[in-house]
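What follows is a group of structures, each given as C-alpha cells.
In what follows, chain A forms one complex with chain B and a second complex with chain C.
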Partner chain A sequence: MKIAVCVKQVPDSETRITLAAPGPELDRSGFTRVLNPYDAYAVEEAVRIKERLGAGCEITVVTIGPIRAVETLKKDCLAVGCDRAIRVDEPALENAEPLQTAKVLAAVLRRGAYDLILTGKQAIDDDSAQVGPMLAELLDCSQATVVTKLELGEGVFTATCEIEGGAAVVRGSLPAVITCQKGLNEPRLPSLPNIMKAGMKPQETLTCADLGLGIPAARSRVTTYTPPPPRAACRMVAADDPAAAARELARLLRDEAKVI
Partner chain B sequence: MSQQNYPTGGEFLLRAAAPAEIFTPEDFDENQRMIAQAARDFIQQKIEPRREQIEYQGDTALGAPLLKEAGAMGLLAVDVPERFGGMGADKATVMIISELISRSGSFAVQHGAQAGIGTLPIVYFGTEAQKAQYLPRLATGELLTSYALTEPGSGSDALAARTTATLNPAGTHYLLNGVKQYISNAGFADLFIVFAKIDGDKFTGFIVEKAFGGVVIGAEEKKMGIKGSSTCQVILEDCPVPVGNVLGEVGKGHHIAFNILNVGRFKLGASSVGGCKLALEWAVPYTSQREQFGAPINTFGLIRAKIADVTAAAFAAESMVYRTAGLLDRAIATLDKGAPDYDLKSILKVEEFSIECSMIKIFATEAMALAAEEGVQMLGGYGYCQEYGLERLYRDERINRIFEGTNEINRLLVPGLLLRKALKGELPLLQAAQKIAEELMGVPEFVAPGEPGFLEQEAKLVANLKKTALAALGIAARTFGDKLKDQQEVLADCADLVIAAYACESALLRTQKQAERAGRDGAALMADITTLCVNDAVERSAELGRRALANTLAGDELRTMLAGLRRLTKHDPAPRAKLHDRIAAAAIAAGGYPF
Partner chain C sequence: MPNIAVYIEQSGGAAKKVAWQMTAEARRLVDRTGGEVWAVVLGDAACAAEAGRQGAHRVFTAADDAFARYDAETWTRALAAFVATRRPDLLLVGATAVGKDFAPRLAARLDAACVSDCIGLDYDGGFRLRRPIFAGKCYAEVAVEAPVAVAGVRPNAFPLFAGGGVDAPVEAFDPGLGGFAPHAAVVETVTSAEKKIELTEAEVIVSGGRGLKEAANYQLIETLASTMGAAAGASRAIVDAGWVPHSHQVGQTGKTVSPKLYVAVGISGAIQHLAGMSSSKCIVAINKDPNAPIFKAADYGIAADLFEVVPALDAAIRTLD
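On to the complex of A and B.
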C-alpha cells in the first residue's frame, strides 16, 4: 500500500499576532511554526497502518512551504515513521488559498499511485477545511471528511465521520482522501534518536515547473487584516438596592450596549 | 599558557577570546532546534496535564512512569554512548535538553537524577561489562536510578561519609552499611550509585541494585519545593554488593563524586537559564494585562526595571552556559572517539573546566533566584498565590543554590581551582597578576576623549574586570600564601570578581558575534543588555575589590592598591533607566525572554 500524507506547517496556536495598523500584510517573522495539529492525526494514522501492514507499505509526506518547513517534515513526520518527504518550494504559494494548494498537491500526488491520501480536516491558520475535499475532486477519488475512525479492507475503507449532532459511517473504494479529526488516534512524540536520523531519509524538493504546472491563479486576496476591537472598560452598577440595580443594568444593556 | 589547540579552563582570564571562537544560542543547528522543540512537546503533552498531581499533591511516585515515557522518547539516552543504545550527544545538546526539561518543574529533578548523576558514573567510570549490563536499560528507563552520596552527617564534606563497605570472607561481596540522605528518585529507583568506605578510609563507588537486598527506603521528605520529586533516605543494612559492582578504582570514589558534580553543575546552570525564561514568560504578560492607576503596570519604570534586570541576568547566564558548552565540546572533540577509554577521557576534559562549571552553577542559579523573586513581586498578591506558577517557581528555585555543591562551596572552589592551576604551571596567573599590580602602581595611560565605538567601552571594561579579578586573587595569594584557604570572605569576593568577568565577557562576545552576523542594528538589544551587565558588574566589582583588598592589605599598600582599583573600575556610568526601558520594551513585545 502506498500512503500519502499532506501536511502544512502553521503558526503555533499560542502565537501572539501584533498588528501596528490594519493592512494586507501580517508580520509573520516572529512566529513559532509547528505541524498543523490535525495533520498530526493523519501522520499517526499512516504510521499505524504501516505498522499493521508491515513490509510493502510506504508513506510519503507532502507539503508546500519554504525551507523552514523542513524542520516540521523531519521532526514530526520522518522521525515518527514516514519514509520520504516531498516539499514544493514556491514563494508565490506562500499563504495560498485552498484551491491553489489543492491543485499543486494533486499534481504531486498524480506522480505516484497512492492508495490512500490522509490529511488534517483543516489547518488551524486559515481554517478553510477545503483542501482535502478539493483534492479528492481533482484526483477524482472517494473521500471521507472529519474522520474519527478508519478501517481498511481489500480496496475499500470504512470511516466514521463526525457530523452535526452525530456520526456517519461511510464506506468507499480506494484510492481515497481521508481528512482526520481529533479522536482518530493519539499522535506519538518523535524520539530524539529518530529526529537525529530523520535527515537521512529521502527528501525531494520541487517547484511548480518541475511538476509541469503553471502557478495556479488565486481567485481572492486578503485586502485588510484588522485586530479585534479593544475591550471597553468595565462599568460597575452599584447594587445597594438590587431591584434598582437590575433596572439600571437592563437600561444600560438596552439603551447603551444595544444588546437587548 | 596551555600548549593545547583549544582554550583550557580558566584561560579566559588571561586571554581575550574572539567572538567567532565562542558558541552561542544563535549557533544552534537544525537538530538542536528540533530536539529542543521535542522536549517542549514532551512537557506539554506528558507533564502539563498532570501538573496539579505532581506539584501540588506531591505525587512523587508518578516520576517512575513519566521517566519511562521520557525513556521511550530518548530523553534519558542523551549522554549514553551510541554503542549502548544512547545518543552520545555533544554537551551543547545536553545543555539544551537540561534547559528545556527544567520547564517541567519537579520532573526535571527526577530527570537529572536518572539521566545525569544516576547514569553518568557508569558512563564515565564503569567497566565495559558494567556499561553493557546497565546502560542500555538506563537509557530506555527500564531501570530507574539514583545517586547516593550525601549522608545525615556529610553534605558539603562528602568525604566524611560514614557508610562502610566490608569484603566478605569469601572475597565475593562487599557488605554495605550506612545511611544515605536526600536521595532523589530513591522512592522508585532500581539502582543506586552508592559511595562507601572500604576498611574505614578507601572512599569507593558501588553500583547497588535494590534487588541485592539490604536496601531500605525511608519516608518521603516533606520539602519546601520540588514537591513532586521523590527524596528519601536510603538505609543500607548488610547490603551484599558483588565485587564486580565496584565502580572505578577502590579508594578513588572522590574522583567519581567530584567529576559527576561538575556535570551536575553545568546542567544545573542550563536548567536555571530555563527557569529564568519561564519566570519571564509568566510574569511579563501579566504586567501587560494588569492595570493600575489607569495603565498597564509595565508602563511603570520600576516594573520595567525588574523585567530588564531579569532579562539581562538571563542573557548573561545563557551566554555563559552555552559558551561553556562550546568550550567542553571543543576540548572533547580533540579526543579519539574510537579509543576504548574515550568516555573516561571525556570526563577528564570536563574536569579541566571545573572552574567554569562552578561559575555557571553560581551565576545561573542566582539569576534564577532573581527571576523568581522579581517574578513574584511583579504579580504582587497574585504572585503569592498557588494559582500562579511563580509561587511554585519561587519555592522550587531555592534548592538550586543548595544542591550540586552549595553556592558557598562553589565560591570557594573558583579561586581555589584557579590557584591550583597556577601552582601546577597550567596557567601563569600569578605572573599576570604581578604585571597588573606593577601597571597599577605606574603612571596611568592617557585616554583620548571622544565618542567610543560599538561596545568599545564595554570591551575595555571587561578587560579591566579580568584585571581586577586577577589582581585581587594575586594579592590575596601573595599575602596569605597557603593560609588563603582560611580567608573565606576574601575567596568568595575573588570568586565573584572572576564570575563577573566571565559573565560580562560571555555576553559581550555573544553580542559581537551577533553584530558580525546581523549588523549592529540586529544586535542592538543585545548591546543594551551587555552595556547594562557590564555597568552593573563594574560597579559591583569596585565594591568587591575594595572589600577583598581591605581584608588583605593595610596602610600605604592598601591605599596604593585601592587607587589602582579605582583606575580599573573607572567608567562613565550607563543611563540605566533608559537601558531598562528599551530592554523591557523588547521583553514586553515578546511576552517574555526576547531571544
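On to the complex of A and C.
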C-alpha cells in the first residue's frame, strides 16, 4: 500500500496575532511554527497502518512550503515513521488559497498512484478545511472528512466521521482522501536517535515547473486583516454572597444583556 | 446585479436553521444591490414551500433517488449542474458537517473561489466576504476574484428574515446524475445516546474547565446547561484529561462557536480557548481567580467559588419571574 500524508507547517496555537489596525498585511515574522496539529493525526495514522501491514507499505509525506518547513518534515514526519518527503518550494505559493494548494498537491500525488491520502481536517492558521475535499475532486476519488476512526479492507475503507450530534459512517473504495480529527489516535513523539536518522531519508524538493504546472491562479484575495472587535470591560458582579451574585447575574442576563 | 443561490440543507425533512439564516442575509444584501435569492433544495422538497417566506425569490428543486443518502460526490455533481445552468454569482452553503464536506469539492469542480466559515457578506461590484482566521484571533476580508464563488456560512452569524417574504415560485432542475455511482457514501448515521444540543448550533453554551477539579463535577455544567436549554462545552484541559469526549471541546483544536450567550465556568481562558468562543455575543465568566484571563474576554464576571455560584445560578434562573 502506498500512503501519502499531506501536511502544513503553521503558527502554533499559542500564537498571538498583533494587529493594531486593519491592514492588507499580517506580520507573520515572530511566529513559532509547528506541524499543523490535525496533520499530526494523519501522520500517526499512516504510521500505524504501516506497522500493521508491514513490508510493502510506504509513506510519503508531502508539503508546500519554504526551507523552514524541512524541520517539521524531519522531526514530526520522517522521525516518527514516514519513509520519504516531497516539498514543493514555490515562493509564489506562500499564503496560497486552498484551491491553489490542492492543485499543486494533486499534481504531486498524480505521480505516485497512492492508495490512501491522509491529511488534517483543517489547518489551524486559515481554518479553511478545504484542501482535503478539493484533492478528492481533483483526483476523482473517495473522501471522508473529520474522521475519528478508520478501517481498511481490500481496496475499501470504512471511516467514522464526526457530525452534529453524533457520527456518520462512510464506506467507499480506495484510493481515498481522509481528513483526520482529534480522537483518531494519539500521535507519538519522535525519539532523539530517530530525529538524527531522519535526515538520511530521501527528500525531494520540487517547483511547479518540475511538475509541469504553472502557478495556479488565485480565485480570491484577502484585502484586509482586522483585529477582532473590541469588547467592553468586564462588569464584575460583587461576589461577597455567591447566591446574591448569582441572582444579580441572572437578572443582568435577562434585563440588560437580554440573552436569556 | 448579483444572484445568490443558497443551498437548503435538511435534517429530517426540515430545513436547518443556518439555511434560512443565509437566505435572510442574502435577501438583505440583494435588497440593496438588486439581484435575486435562489433557494436550492435537493431531494425531499417539503421545505421548498417555506423558502419564499424566509426571503428567497425563487426556489429550485431536484429529485433523484440518489438524494436518499448523502455523499459528497453526488451533491457536488448536482449543485455543479445547477450552477452551470443557472449561473448564480455566489452559492452559500452552511458550515455544517455536510456543508463543509461537499462545498470545497464543489468549488474544485467549478474552479470557483471558495471561502469557508463566513460571518459577513457584502457586495460592491464584487463579493466581499468576512471570516475569522486563526480561530478568531483575527478577521480577514476576502474579495472574490472569480465569476462564481462558493461560500460557507457559520451557523448563527445572521438573523432570520424579518417578514415581507411571499410564496416563491418553485421550479425543478435536472441534477444531471444519470445513474452516477459515487466512490463512497454514508452508510450509517449514529446519533449520540443522549439527546444533546449541538455546540456549533446552540444559542447558549455552558462550558467547564479545570476549575471543576474532577470529572464527576462536570455534572454541574450539564445541570446548568439543561436548565438554560444550552449545550455543554469544555476546555481542552478537561478533554485531554479524559473527563469529557472531544466532541465537547471548544477552542482552536475543538469547535469554534458563536452563541448568543457563552458561560465559562472554571475556565482560565488560555488563548486557544478564547480563540474558539470570543465571537460569542455575550460572555459570562465564573472563576475563583479574579486575575484569570477569561475575565478580559468576558462581559460579565463573578470572581468566586464555582461550587457555590453555579448551583445558585441554576436556582436563580429557574426562579426568574
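Going forward, the second predicted complex is superposed on the first by the 227 of 260 C-alpha atoms of A that agree within 3 Å, B and C clash if a C-alpha of one lies under 4 Å from a C-alpha of the other, contacts with A are read in each partner's own complex, and residues count from 1 in each chain.
The definition used in the following text is that a residue touches a chain if its C-beta (ideal position, glycine included) is under 8 Å from a C-beta of that chain, and two chains touch if they have at least 3 such contacts.
Please read all numbers here as calculations on a predicted model, not as lab measurements.
Looking at the shared chain after the overlay, A:L249 reaches chain C, while chain B stays out of its contact range. By the touch criterion defined above, A:K182 reaches chain C but does not reach chain B. Taking chain A as the reference, the larger set of touched residues comes from C, when chain B and chain C are compared. Of the two partner chains placed by the overlay, chain B and chain C both lie in contact with A:R16.
When the two complexes are overlaid on their common chain A, residue A:R221 makes contact with chain C while staying clear of chain B. After overlaying the two complexes on the shared chain, residue contacts for A:P66 are found with neither chain B nor chain C. The contact surfaces that chain B and chain C form on chain A in the two complexes overlap at residues 16.
Residues 11, 13-17, 19, 26, 37-38, 97-99, 102, 124-134, 136-138, 140-146, 148, 157, 160-173, 176, 181-183, 218-228, 231-232, 234-237, 239, 242-243, 245-247, 249-254, 257, 259-260 of chain A are the ones that touch chain C when the two sit in their complex.
On the chain B side of its complex with chain A, the touching residues are 30-31, 33-35, 37-38, 41-42, 45-46, 72-75, 77-78, 87, 89, 589-591. The touching residues of chain C, counted against chain A in their complex, run 70-73, 76, 96-98, 100-109, 111-117, 128-129, 132-146, 149, 182-192, 196, 198, 200-201, 204, 228, 245-247, 249, 252-254, 256, 260-261, 271-272, 275, 278-279, 281-285, 290, 295-305, 308-309, 312-313, 315-317, 320. By the touch criterion given at the top, residues 16, 18, 30, 34, 70-71, 74-75, 79, 189-196, 198-199 of chain A touch chain B in their complex.
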